[in-house]
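Chain lettering (A, B, C and D) follows the sequence in which the chains are written, and residue indices restart at 1 in each chain.
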Amino acid sequence: MVHKYDAIIIGAGGTGLMAALYASRGVRVAVLTKMYPTRSHTGTAQGGIGAALGNHEEDRPEWHTFDTIKGSDYLADQDAARIMCYEAVDVVYELEHMGLPFNRTEEGKIAQRPFGGHTNNETRQPVRRACYAADRTGHMILQTLYQQCIKQHVTFFNEFQVLDLIVEDGLARGVVALEITTGELHVFHAKAVLFATGGWGKVWQITSNAHSLTGDGPAVALRRGIPLEDMEFFQFHPTGIYKMGILITEGVRGEGGVLINNEGERFMERYAPTIKDLASRDITSRAIYLEVREGRGIDGKDYVYLDVRPETANKYFDLDGKRNPDGTPRRITAADIRAKLPDIADFTRTYLGIDPVTQPMPVQPTAHYAMGGIPTDIHGRVVMDEENTVLSGFYAAGETACVSVHGANRLGTNSLVDILVFGRRSGIDMMRYCQEADFTPLPDEPEAFAREQVESLRARPEGGERVADIRSQMQRVMMDHVAVFREQPGIQEALDVLSDLQERYQRISIDDKGSQYNTDLLEAWELGALLDIAQVTAAAALNRTESRGAHSREDCPKRDDAEWLKHSLAYRAAGRIELRYKPVTIVDYPPKERVY
Amino acid sequence: MRFRSAGQGSALEYYLWLFTRLSAVFMLFIGAFGIIYANLAGGRLTMDTPTQYRWGFFPIYWHVQNSDIPDVFPNWSNSFWRVYGMIFLFIAAVHGFNGLRIVVEDYVHRPILLLLAKGLVFVLFLFVVGAGGVVIFELF
Amino acid sequence: MAQGEPMQVKLKIRRFNPETDKKRWWGHYQAEVEPTDRVLDALHYVKWHVDGTLAFRRSCAHGICGSDAMLINGRNQLACKVLIKEVGRKITVEPLLGLPVIKDLVVDMEPFFEQYRAVKPYLVNDDPPPATERRQSIEERERFDDTTKCILCAACTTSCPSFWARSDYLGPAAIVQAHRFIFDSRDQASQERLQILAESNGVWRCRNIYNCTEACPREIQVTQAVAEVKREMMRRRV
Amino acid sequence: MLRTRRVSYLEGLRYQGKESMLAWVLHRITGLGILFFVGTHVVAAFFLNAIGDNISKSVTLWYESTPFQIFIYFCVLYHAFNGLRLVVEDFYPPVLRYRRELLWLQWLIFLPVFGLPAFLMVLSLFSGSA
């Protein structure tokens, strides 16, 4: 079946919905999602969205910009970071006008809380910049955007899995997608395609990411000759629930929570003397790993405590001399914790049987966010090479894209800023592009490649490899060797295992040969995407012989700006991965040593 | 769109909903009043417990057939108690048959059957109120 | 703590494949899990190691996305929010009641979302917005806090006997969404929403059964929200 | 395909609702019980007075037997108490925070108020005064 729309958006999270809202004001838009829009992973974002509103104390977008660039370990493109931080203020107000129920200050303004890495650039103290709606900010953003899409009668194709991008002669012409319910292939003929497919945390064993986050978009792009940028940078969030990886928001530390090792020591004082527990995520994750490695994990195991009990938090408020704006000592009560962090209390109660008001929470770093992705310019247009040549009609934004605003390490709250700002920018630019461009004809049999992928999976003989086995081996090897700390032999071993797994992937067999709602087939297809992404990640990590942000090489512990202040671009041709590099855009902030 | 916007049907639904609740409270008072009155009038000495309760809810002097004390309060056969009984019967019947209508709406789905069933409920309602009226006012 | 001995559980799963089955049937499976695992982990065990044809929805696996609402041991719950130790060694899993089954545990959510869309689930405010935020006091914000938690998982609506009886009933989830806007001080369309909900398929069908409130994985006081909508109608009419 | 899947009454009853679902089931059953038996009683009284037939007489006698009176008394009383709870909840929603407590309170009041007279009725049944 062939559908014709001006613009096709793949993914209905924050980026996809924001882009749809803007693009559909001028052209015919359809949004494809492999779930329902409200199931998107944006909904699990907890702590807040960063914007220098200054509702509590002085704050400026330029401080936000600098914090972002410093957080990125100077790998972010500074023009893009500046745009993001300045437009953040605008999108937050826009969300509020759309109805998002932000928490409020006494004067009825949007309430803000401190978050890791966000500082007053003059005093270097944490600043309250994260606008929040309890600890379900992402949930409210997703709901609010979906509500507006309903109001605006945006067309959705729910439960459609994208399988292929139709691109010919340097022009994107649509996508091929599988209707999950029926198993039918649909061709979407379009002038512009936006990939807003999110991340790929499922490459790792311990992850905060949803089962659906399998990197479909980047994998499809990679198979069509489009490079992936900065894939070696994947953020590990310091506080995931032990063993499960479910995220505990940085907002907990923003509200006064501290990390404690088995000696009862607040160890972040040693790693980030100024802002301590609110250091950026790469630093905090590494600190936890180092504590564990030196035998200071709780019970000698590989986790530490995140303690937000009022007595602990208040003790450290006093020790740090923290004060409210009116000068009184800062205090938190059990009621505040329950009111501001209800979902966290719910998670820990459900999964650990722990009440955060009376007990500390066991946490360990968890694979969380992809800084890299499909390379784009500041309008969301996908660029193909070191010269930033635009691939006409193809857009990417959000976690799946790499603008790059996060560089080597993303600051907390900036993911939500990214999806909204660049979702909006790409929506606007797609509309402009669609109004100017004409439809280009589809190639013959546009769905051939997609059909071949699906049919070959279905046609495999019985008794082959199981999808789940290959997937769990991939996740384990990536966790062991391409996670918080990396070194050459380990990464090489991971690459060997991965190519072995790729080979075994060719021999998998699936139980379900049917067409209707065949999740067995889908999981097999998704595993293919994961393996491709894992290989690219490991290859890029092997090549980068320095430590920067989330990429921490034990054999090369120093940042090397002379050699490595550049973005990687990974291409895949004939099964081999080729790495090229392009320069970082530096505008106002020359690289400095990064101390918190 | 399958769902209609505001129309005429809604007001009736609301008032019946409200009536159900208000009449429930009203009937509680009537019941309590009847039982208390029956006891004050000496019912505890002359009637067994079921009779007393039955009487309390519906104090018509001949209400109880199966009793060897049918005429303890012949003075209750005055118009006040008859009108009182009639009002109670009517309110109880509206409350009850409206409840039956709701149950019917819940579990009868074919439109024609539903219409028939609701018609039948209405006819039954009229008949019970009519028959009750005849009995209360002794119009034989 | 997330520790425990591996244990065997028996799963009884309601199966249906539209391509091969005329009737629904029960599949019986063994799964090896830990007491602190989720029911979702047991389902994954079956799907990944025993029978790949089993179909169910899931995504975030920690109770936020709302994909995996299903009937577990006779009650609507999220498979990712129920631990094995809470349900014991025998687990019965069925698809949600009242929505058409597509395959196994997967139901067609479209009727549910149609109900949702019917209540105008979006902020309506035609005044030109100010340059910064619209002001709202902490108390005004608190008024509708509870109903903003809804994740549209359909656990409430499909646990409601009034919905089972008549599927044109808008259902608790839609009313919760309406409540979220009716009591938002910034909204201007509450009158319209109240009129929609006053229809014969609206709030009057609620019989205060509380199955919705008991089923809600986000612990929203669903019945209370419905009652508050009823109360608001009374207030405006009488 | 059907737009929605009908849930039969029995299938619905298999749902493991809590006390509140039981309360609703009982409310329906007792309501229908009252309507049916009191309606029958009124009609029987009408025919008994109008025609004096034997069926109406036996219906009336059956209706006025003590066991049946206990049953009707249960229906009326349960329906009344439960209904009162519903009225309170509908007119004053904040009380719903304590819905479980309300339900238990309801049973706490209902049991003695029903039990004592019911006990007296049973007693009078055995003493043969009915």
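The rule we apply is simple: contacts are C-beta pairs under 8 Å (C-beta built on N, C-alpha and C of every residue); 3 or more make two chains touch, one makes a residue touch a chain.
Everything numeric in this text was worked out from a predicted model, so none of it was measured.
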Exercise for the section: Between B-D and B-C, name the chain pair that shares the greater number of C-beta pairs in contact. Expected result: B-D
Exercise for the section: Provide the C-alpha centroid distance between chain B and chain D, rounded to the nearest whole angstrom. Expected result: 14
Practice task
Return the distance between the CA-based centres of chain B and chain C, expressed in whole Å.
Solution key: 39
Exercise for the section: Can you check how far apart chain A and chain B are, centre to centre, with Cα atoms defining each centre and the answer in Å? Expected result: 65
Fill in the blank from the handout: Averaging C-alpha coordinates per chain, one finds the centres of chain C and chain D separated by a number of Å equal to 32
Completion exercise
Multi-chain touching residues of chain B, meaning two or more other chains, are 107, 109
Exercise for the section: Can you tell me which residues of chain A touch two or more of the remaining chains? Expected result: none
Practice task
Can you tell me which residues of chain D touch two or more of the remaining chains?
Solution key: 6, 86, 90-91
Problem - Chain contact graph, described as a line, ring, star, complete graph or other shape - result: other
Fill in the blank from the handout: Contacts from chain B onto chain D in the complex sit at residues 21, 24-25, 27-28, 31, 48-50, 53-54, 57, 64-67, 89, 92, 96-97, 99-100, 103, 107, 109, 124, 127-128, 131-132, 134-135, 138, 140
Fill in the blank from the handout: The residues of chain C that touch chain A in their complex are 1-2, 17-20, 36, 38, 47-49, 51-53, 55-67, 81, 83, 102-104, 106, 109, 113, 117, 120-125, 129, 131-138, 140-141, 144-145, 148-152, 181, 184, 186-187, 219
Practice task
Report the residues of chain A in contact with chain C in the complex, numbered from low to high.
Solution key: 35-36, 38-41, 43-44, 53, 93, 96-99, 101-110, 133-134, 136, 139-140, 143-144, 147-148, 150-151, 181, 210-212, 241-244, 246, 343, 346-347, 350-352, 362, 466-468, 510-512, 514-520
Problem - Contact footprint of chain B on chain D as seen in their complex - result: 6, 9, 28, 31-32, 34-35, 38-39, 42-43, 45-46, 48-50, 60-61, 64-66, 69-70, 73, 76, 80, 83-84, 86-87, 90-91, 117, 120-121, 124, 129-130
Problem - Residues of chain B defined as touching chain C within the complex - result: 1-7, 9-11, 13-14, 17-18, 105-107, 109
